[in-house]
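Next come two complexes built around chain A: one with chain B, the other with chain C.
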Partner chain A sequence: MATIDLEHLTLYYGRVLAVDDVSLCIADRELCVLLGPTGCGKTSTMRMIAGLETPSTGKVYLDGEVINHLYPGDRDVAMVFQDYALYPHMTVKQHFAFPLQAHKVTKAELEQRVGEVADFLQLSDLLDRYPSELSVGQQQRVAMGRALIRRPKAFLMDEPLGQLDGRTRAEMRASLKRLQQELGTTTIYVTHDQVEAQSLGDKIVVMKTGLIQQVGTPEEIYNDPANLFVAGFIGTPSMNFLECPLHVDGKVGLKNHRFEVALGPSLTQKVKDTPAERPLILGIRPEHIRLSPQDESGDLPAEVYVVESHGNEYVVNLNLGGDVIKVRRDRKKLGFRPEVGQTVWVRFLQDKIHLFDKETGARLV
Partner chain B sequence: MASIRLEDICLEYRGKEVCSDVSLSVGEGELCALVGPSGCGKSVLLRIITGLIKPTSGSVYIDDQLANKVPPGNRDIAMVFQSFALYPYMTVRENWAFPLRASKLPKEEIEVRIKTVSEFLDMDPLLDRHPKQLSGGQKQRAALGRALVRRPRLFLLDEPLGSQDAKKRMELATELKKLQMDLGITTVLVTSDQIEAQALGDKVAVMDMGSLRQVGSPEEVYEKPASLFVAGFIGSPPINLLDCALERKDGQLYLTHPHFHLSLPAELAAKIEAQAQADSVVLGIRPEHIRVTADELPDSIAAQVYVLEPQSNEILVDLKVGDTVVRTRADREDLGFQPRLDQEVFMILDKEFMHVFDKATELRIH
Partner chain C sequence: MIADLWSKARQSLLFLSMVIIGLVFAFPLVWIAMSSFKTRVQNFALPPLVIFQPTLENYTGLFQLQNPAFMADYRNSFVIAVGSTVISLVMGCLTAYGFSRHEIKMGGCLFGWILSLRFFPVVAMVIPIYVLFRGLKLLDNHAALIAVYCIFNISFTIWFLKGFFDEIPKSLEEAARLDGYSPFQVFYRVCLPLVRPGIITAAIFCLIQSINEFLLAMSLTARVAETAPVALAKLQTAVGPDWGKMCAVSSLLIVPILIFTILVRNQLIRGMSFGKLK
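Entry: the complex of A and B
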């Protein structure tokens, strides 16, 4: 069993508050991703769990026991670093054997465990190679193996796939996910890459400037972002944001000087307590906008600005009365090829509209 | 504006063929994205167009004029490098003025051009900064600006977005495309990122080991890849490639695999019959063209859920079919059920989107 609990953790570097009152529960066997831009406090938080940083206040629990006082080496957590930190003078086999030597394991057991890990990571043919004789992907697996062999209570991974090129990264992601699920080891994974976070995380913790912005599953974070920051950070292409004050004039809608979007009955009900003329931001994801070459009632006209081909989709950049929005749609489903300069008609899917308070950034609907 | 025509370009270097018989045309105002894995020869080809490298044989035509003997400086080409190569001890303004002064342009004209380009690139507040005071995106624009002020007839860009993070890259790519379209400057852009190539290119030229494998619109190289290499290189997640045998039975054509036996629709079967040289083929099917269902349906193939990766509004479901891992991709809402790890499920391949390649030649059969 390996649950990890963080209770009101804060960390100051001098006068700079790097981690601001972070409390979190990580369940046994969970892969929890700490996600956020550079400087958000994700690595600092992980380092406090590892014991490489001492919290200014707050407690770290492993399996219900406080571990603040334990040295990193005594915490039974294994870390995988972004740059792998492999020992240049040791072979792959030595990398795996080294952590076990401290644990006084018999020679037979050492051989057996090294063999097991090497097989698991498909490194059996490379045991006698040195790091300089390995590809980047292989080096990454050695770093993993060195952590794996210890059978720790938890893995702490700091952007372990950061060095890999796009394609290798995508492949390693799937392998890593499968590996973690087969092993069942509780894992904390730090990354700034929201694609990676969604792929890997059972739970994602979105952070910004030391504070937790939202905790949820990939689906929750994507479908129900708690605020503007999370909404804009998760998803590529990014969610479209349009400034629109609420406007009540017989029917409820969003109106700015360029366009007006009527809100259907469901959304109208949700905003009934919001004061009229309140500055709001309408958020709508690129895949939740429909395009038509003809004017259909209730649609907004927009001018095609740039058309990008992405696999089986088009990403159409549109000029909607001065705001640029992106629309993403499967080519076949779109049914026509938008041309630059063409006027097309735009409709937002009502049940996919997000409304944020412009001042606080909080989500209203 | 200028067109480019490469005819049978070959480059041999230390006994190795770096470029083999490359012929390529780029029309006026067109953006050609030259894409391929590291070491495929694309950057070398770009340098042959500029004149920085001389081909062993073959011709370079710029605006229908043979350019082989024209020195790089006289070809009226502006090149933007991946590292930007900005002069670190000059401000942005000085970086831009430098090539214009070297061309002996009058002072007033230099100022006008700098002003115009600065407004265009939104660099007004940054003109007096040094490169180290600029963010990655700003340096990018500074490098572009230095090329733009020259008003070249050709733009050659070598991995211009390479140093940006994924999100920034997408934003800059759109801006770059818009800029190129507005200015109408014939452009060749080299990248190893096939996503970028598809997004930016009017035309995509796929290269591997010194040769051009396919040249076409982004839609063409994606929807009708000419070979196994192009099929596997263009598209992410990558296409699934499965070794199959062609079998004829009772007047019908089948694709057989250790784990499935699929009849081919009449039209596809006819095309394959006409072209197939042998019976060993490779079936290509893109992840979005495989449907995953909980229940057995006609033509469905038994599989096991191996990895689940949520991605935006989609979910990538990797399935295990025997020893093979098959990647699938579906809109969460279209999937209709919540797959669980190790669950026994079924997959259906969309026959309308099958790609069949000859195993020996690796070329598309239909």
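Entry: the complex of A and C
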């Protein structure tokens, strides 16, 4: 069993605040992804758990015990580094044996465990090679093996797939997920890739400038983003944002100088306490916008700006009265091929509209 | 086709240049070795002899010398050089590692001061050191000369090896710490093997520096701790320098270093080029 709890963790690098009052609970056997842009504090948070950084304030708990004072090697956590951190002077076999030698494992047991891990990771034929003689994918597996062989309470992975090409990355993602589920080891995974986060994580922690923006399952993060940052960071293509003050003129709607969007009864009810003319931002995901070659009642006209072909989908960039929005539609379901310069009509699905406060960024609806 | 010819011609020219430069550098060493196998008369022959009947009289004569007692001096040179080198490498490695890995208050100034010791003119410090050692009754003493040589060798070693330690990614050490190794074990098992080229290069420089050193050895030693360069100077006889024996002494000093260098040449090349970690 390995639960990890972070209690009001703060970290300063000199005068720079890297992690700002982070509190988090990671359950046993959970794969928790720390997601955010470069410099958001996700790696620093992980390093505090590993003991490689000393928190300025706050506590780290492992299975209910405070571990702030423990040397990294005594915390029973294993880390896979972004650059793999392989020792140039050691063979693959020596890499696997190295952590076990620190814990005075018997030779027989060492040989057995090295063999097991090598077989599991398909590295049995490469045990006598040095890191410089391995491909990037093989190096990544050696780094994984060095962590696996220790059978730790928790894995910490700092963007381990970052150096792989797209296809290998996708394959390794699936392997990693399966591996973590089989082993049942609590894992903390750091990445800036939101696709990776959504495909791997049981829980995603979105961070920005040292602060936690939102914690939730991949579905919660995607469907109910807490604020503008999370909404814009998650999703490919990212959510469209349009500045639209709330407008009440008989019926409730969103209106700017370029277009007007009427709100249905459900949304009207949700914004009834919001002052009129309050600056809001409308957020709508590209797949939640309907596209039609003909004008249907209530649709907004837009000019096709760019058409991107993505396999069986189109991602159409539209000029909506000066704002550029993206629409993602299945080719077959769309029924027509948009042409650059063509005028098309768009309709936002009412139950998928998000409204954000322009000043605070918080989601209102 | 012209491009191929030009490429081949350029490679040939480069090779020829390398051979010429190699001969130019090797020539003094070869001439010293040859002269050590010549008689006194052969050494003064004009034009200089390239083909001659070699003799071992210069080498056998060294063993029979009483003043200087060459074999004792030869042994002293290597004991002092090796002793100074080993101490310098141990202390230099640890200090260089500390400078590389830890934020030290005024570390830049401290590092610069340490480096300045390397450049300090020996001639300016001979007399003060002599007075100091005389007061401490440390004249003509192996340990005293080793300590003095360490002043220069440690400062060089620290400066030289810091660059090597800087090249080691910190993530390697962090990985070892997480695996359960103590800070010293991380230094010993991870960092030291990776700076081996630097250590070997520093060792060669320290050995050469120590073996060649004359001024301090002449000033601080008499009979017990006298070194080979001092003995070499004593081969200036009343009738002129005994070139044969001087070249024999020089050859005997060069050969061990040469053998060591040849044995570790791969590491030396990596060290001289600040060999990249792979």
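As a working rule, the second predicted complex is superposed on the first by the 365 of 365 C-alpha atoms of A that agree within 3 Å, B and C clash if a C-alpha of one lies under 4 Å from a C-alpha of the other, contacts with A are read in each partner's own complex, and residues count from 1 in each chain.
Operating definition for what follows: contacts are C-beta pairs under 8 Å (C-beta built on N, C-alpha and C of every residue); 3 or more make two chains touch, one makes a residue touch a chain.
Being a predicted model, the structure only gives us computed values, none of them experimental.
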Overlaying the two complexes on chain A, which is it for chain B and chain C: clash or fit? fit
In the superposed arrangement, does A:Gly322 touch chain B (first), chain C (second), both or neither? neither
After lining up the shared chain so the two structures overlap, which partner does A:Ser132 touch, if you call chain B first and chain C second: first, second, both or neither? second
Go through the superposed model and pick first if A:Thr236 touches only chain B, second if only chain C, both, or neither. first
Of the partners chain B and chain C, which touch A:Gly14 in the superposed model: first, second, both, neither? neither
Which of chain B and chain C A:Ala50 touches, first, second, both or neither: second
Please indicate which partner A:Arg285 is in contact with in the superposed arrangement: first for chain B, second for chain C, both, or neither. first
Let me test your reading of the model: by the given contact rule, A:Asp74 touches which partner, first (chain B), second (chain C), both or neither? second
In the three-chain superposition, say which chain, chain B or chain C, touches more residues of chain A. B
Minimal inter-chain CA distance - chain C and chain B, angstrom: 13
Footprint of chain A on chain B - complex, ascending: 165-167, 170, 173-174, 177-178, 181, 192-193, 195, 198-200, 217-219, 222, 235-238, 286, 288, 306-313, 316, 318, 332, 341
Chain A to chain B touching residues, read off their complex: 165-167, 170, 173-174, 177-178, 181, 192-193, 195, 198-200, 217-219, 222, 235-238, 285, 287, 305-306, 308-312, 315, 317, 330-331, 340
Over in the complex, which chain C residues touch chain A? Could you list them? 169, 171-172, 174-182, 185, 190, 193-194, 277-278
Residue ranges of chain A touching chain C (in the complex, touch as defined): 50-52, 71-75, 77-79, 81-83, 85-89, 98-99, 102-103, 131-132, 146, 150
